[in-house]
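Both of the next two complexes hold subunit A, though its partner changes from subunit B to subunit C.
Presenting the complex of A and B:
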């Protein structure tokens, strides 16, 4: 895509082009994308081996499994999501990307890619987790809603913070320091809603909190994207 | 302004004396433990106010790129952290008396600890960036982003989970459940702690600019202003 062509496109096609570029880069490397899934598989195997399907009493199973699932999802995603902008700086492609698209388009495209990556991890991890731990999910639709809402918030916040730390020293460690307190308000309702979903209920209050968090994070990222990705 | 600063010392002395001597201890609390509310809540309020001030000055920095606004935002975060630590310590003392343990992983205790981490991360982020202009810009973007998501940590999460914490001032009934002497001392404490914060903010901002090599404004006691504004 030439610079002139890129500038003529609308917001969504350009964001999609950034997302497709990131996907192509990840698929070309293979090792990077595969390592995310390998991390999720290792964590799943560890949990399954440690507690197995009957290691937790029946009455505590929903709560323990709900928390464990999100620990696996969060740490698997955390190995890949911060790379969104760091990769551009390390490869020296950040300058070209700044010339091709404004900050908001780049952040949107990379957040979309991270969201799809998170969903891919979730689509593989959740059924495998349920299968290995013999965990019956009462309301799969409610769980899907939780994964979608929490996944978008997690992806967007990680992408935005990745833009902030991309040119700082010790960025990998720094990303963990800055992201942890911001994603906790997202993970706590996600865990609570997952527990309810496994019991067959829909936790509307928690889902509303997740939707509100997503709305606030999306608005904040929209307002600040240009500043975060400024040269 | 100077006279107001001089008045702050006797004002706070009177406040401390009143907090310990005037209102009767609240019902339902062990011994005199309820008196800690006169110090704990103002510390928590001042910390939150400091973070809001940091966000406001960060917005001002991003709008005009004035280093003075960045200096005030940075100073506000440092002071906010100080008051947040004081709020956590006073809260933990109360928890020890009432519930037998300094730390109970109560949602309010935990969310306030995370708030402290949130703004400690601001300092880490700034320290990791060498270029002053980029440091100010990235710091401001983080401060605004954190402020937009802060209500979820401070107001939402503690309310969707069960808590041991006594009912807060902002309660579902929308009423302040205090007798008159308690109310007077409580709001006097809020005003006093806010005044101390504003004074410290002015001093810290001035020190920050001096450390950066910029001339300090004349000592009129006001918060720093942009030239010509």
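Presenting the complex of A and C:
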């Protein structure tokens, strides 16, 4: 009898089940992926037409391109990642999920799916951005580190806020207002570290800030997941 | 295994100052309790409170299995619930939905086990996504969901809604199996359509 016996699966297989389910849904519907990709493609096209490879003086290129890249990544993410929990409420599946799985399992699974989605966008848009603006990145490894660290923070915060606002009215507006003060401390070091990476340097201080942000966000999500999703 | 038990003690529920029901108490071991009453009397709300999906305004629910009180986390898997507002992932098939919910609950979902669940409600061999299901097929899937983990406590809200004779027979099978291992709570406006009950609880019409 399952109901009265110990569970057979631990935390990670259960979180992975949530991630795999979201991926299966996304592969069949492609709502979040399509909006992310179209936003990223549109923004890239506009930036490359408006600025082009030589629209910015050489000495300002690293700073301008670093900021533009994260603006594109952030707003692309903001169009798709917040749907993680909103989709559950819109489909009416939230009650079944809450019934069987604790908040931390669901938040972890959905954050993992959002992170993979963000990485897919970054893998396509960062090389396209560099190509269109003829932007030579001095240290691609350092840039990959920035994308990984900032991507996890952005995915986790987006997922957690999605859980918080999923059952609220005016959830899109609420998400933007609540996310602004939480995301700015993530984007500023990400932009600074990207600028350094484009110059061929590794911005250890900014990378440590990003790692600390990720640690704090992960701890907060672990402690507050039940409050955000279940209550 | 010792049988399960539900004890409702003085349950009351109000929404925005409107009282749905007050001082509902009962004790139920293995057997069936039919909850009935007119529309708006609070049957669905009462069943959600029993299933730990809602909190009562006052009163409490004590759930026991194996002779001890269930913790909040244990009640997730020890209570099977279905109701009219239970929905499934429209892009996934019935088997994929049930497999996912079993894994999310922390249990292995073998193909054979899921197939048995689907056979019980007559949905075996249906490979289309749930978004193409009829009302009756969705209701059959709700029953399979409620019984997914062989829970010691089973709570079904309007279980016969939208079902044909085959679907009603499936509900009868699930209920007759579940009533041997613990409490089964069923709700309907028409108690006659429910499987035979050991107790009947009638909620009065809501006061205006």
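In the analysis below, the second predicted complex is superposed on the first by the 221 of 231 C-alpha atoms of A that agree within 3 Å, B and C clash if a C-alpha of one lies under 4 Å from a C-alpha of the other, contacts with A are read in each partner's own complex, and residues count from 1 in each chain.
Heads up, the rule we're going with is that a residue touches a chain if its C-beta (ideal position, glycine included) is under 8 Å from a C-beta of that chain, and two chains touch if they have at least 3 such contacts.
Given the structure is predicted, the values throughout are model-derived calculations rather than measurements.
Novice: Identify whether subunit B and subunit C fit side by side or clash on subunit A in the overlaid structures.
Specialist: Verdict on subunit A: subunit B and subunit C fit.
Novice: Counting only touches as set out at the top, which of subunit B and subunit C does A:185 meet: first, second, both, neither?
Specialist: first
Novice: Look at A:29 in the shared chain and tell me whether it touches subunit B only, subunit C only, both, or neither; answer first, second, both or neither.
Specialist: second
Novice: Vertex at subunit A, arms to subunit B and subunit C: angle between C-alpha centres to the nearest 10°?
Specialist: It works out to roughly 90 degrees.
Novice: Name the contact category of A:174: first (subunit B only), second (subunit C only), both, or neither.
Specialist: first
Novice: Once the structures are superposed on A, label A:219 by its partner contacts, choosing first (subunit B), second (subunit C), both or neither.
Specialist: first
Novice: Who does A:136 touch here: subunit B (first), subunit C (second), both, or neither?
Specialist: A:136: touches no partner chain.
Novice: Applying the document's definition of touch, where does A:98 land relative to subunit B and subunit C: first, second, both, or neither?
Specialist: Second partner only.
Novice: Quick check on the superposed pair: does A:21 touch subunit B, subunit C, both, or neither? Answer first, second, both or neither.
Specialist: second
Novice: So after superposition, what is the minimum Cα distance from subunit B to subunit C, given in Å?
Specialist: 8
Novice: In the superposed arrangement, what residues of subunit A touch both subunit B and subunit C?
Specialist: Looking at subunit A, the two contact sets are disjoint.
Novice: Applying the document's contact rule, which stretches of subunit A touch subunit C when the two form their complex?
Specialist: Listed in rising order, the residues of subunit A that touch subunit C are 1-4, 7-10, 13-14, 17-18, 21, 24-25, 28-29, 91-93, 95-102, 105-106.
Novice: Mind listing the subunit C positions that touch subunit A in their complex?
Specialist: 1, 4, 51, 53, 65-66, 73, 76-81, 85-92, 96, 100-101, 103-108, 129, 145, 148-153, 181
Novice: Can you tell me which positions in subunit A touch subunit B when the two form their complex?
Specialist: Listed in rising order, the residues are 157, 160, 164-165, 167-171, 174, 177-178, 180-182, 184-186, 188-189, 192, 205-206, 209, 212-213, 216-217, 219-221, 223-224, 227-228, 230.
Novice: Okay, in this complex, where on subunit B does subunit A touch?
Specialist: Going through subunit B, the ones touching subunit A are 62, 111, 114-115, 117-118, 121, 124-125, 128-130, 134, 137-138, 140-142, 144-146, 148-149, 151-153, 156-157, 160-161.
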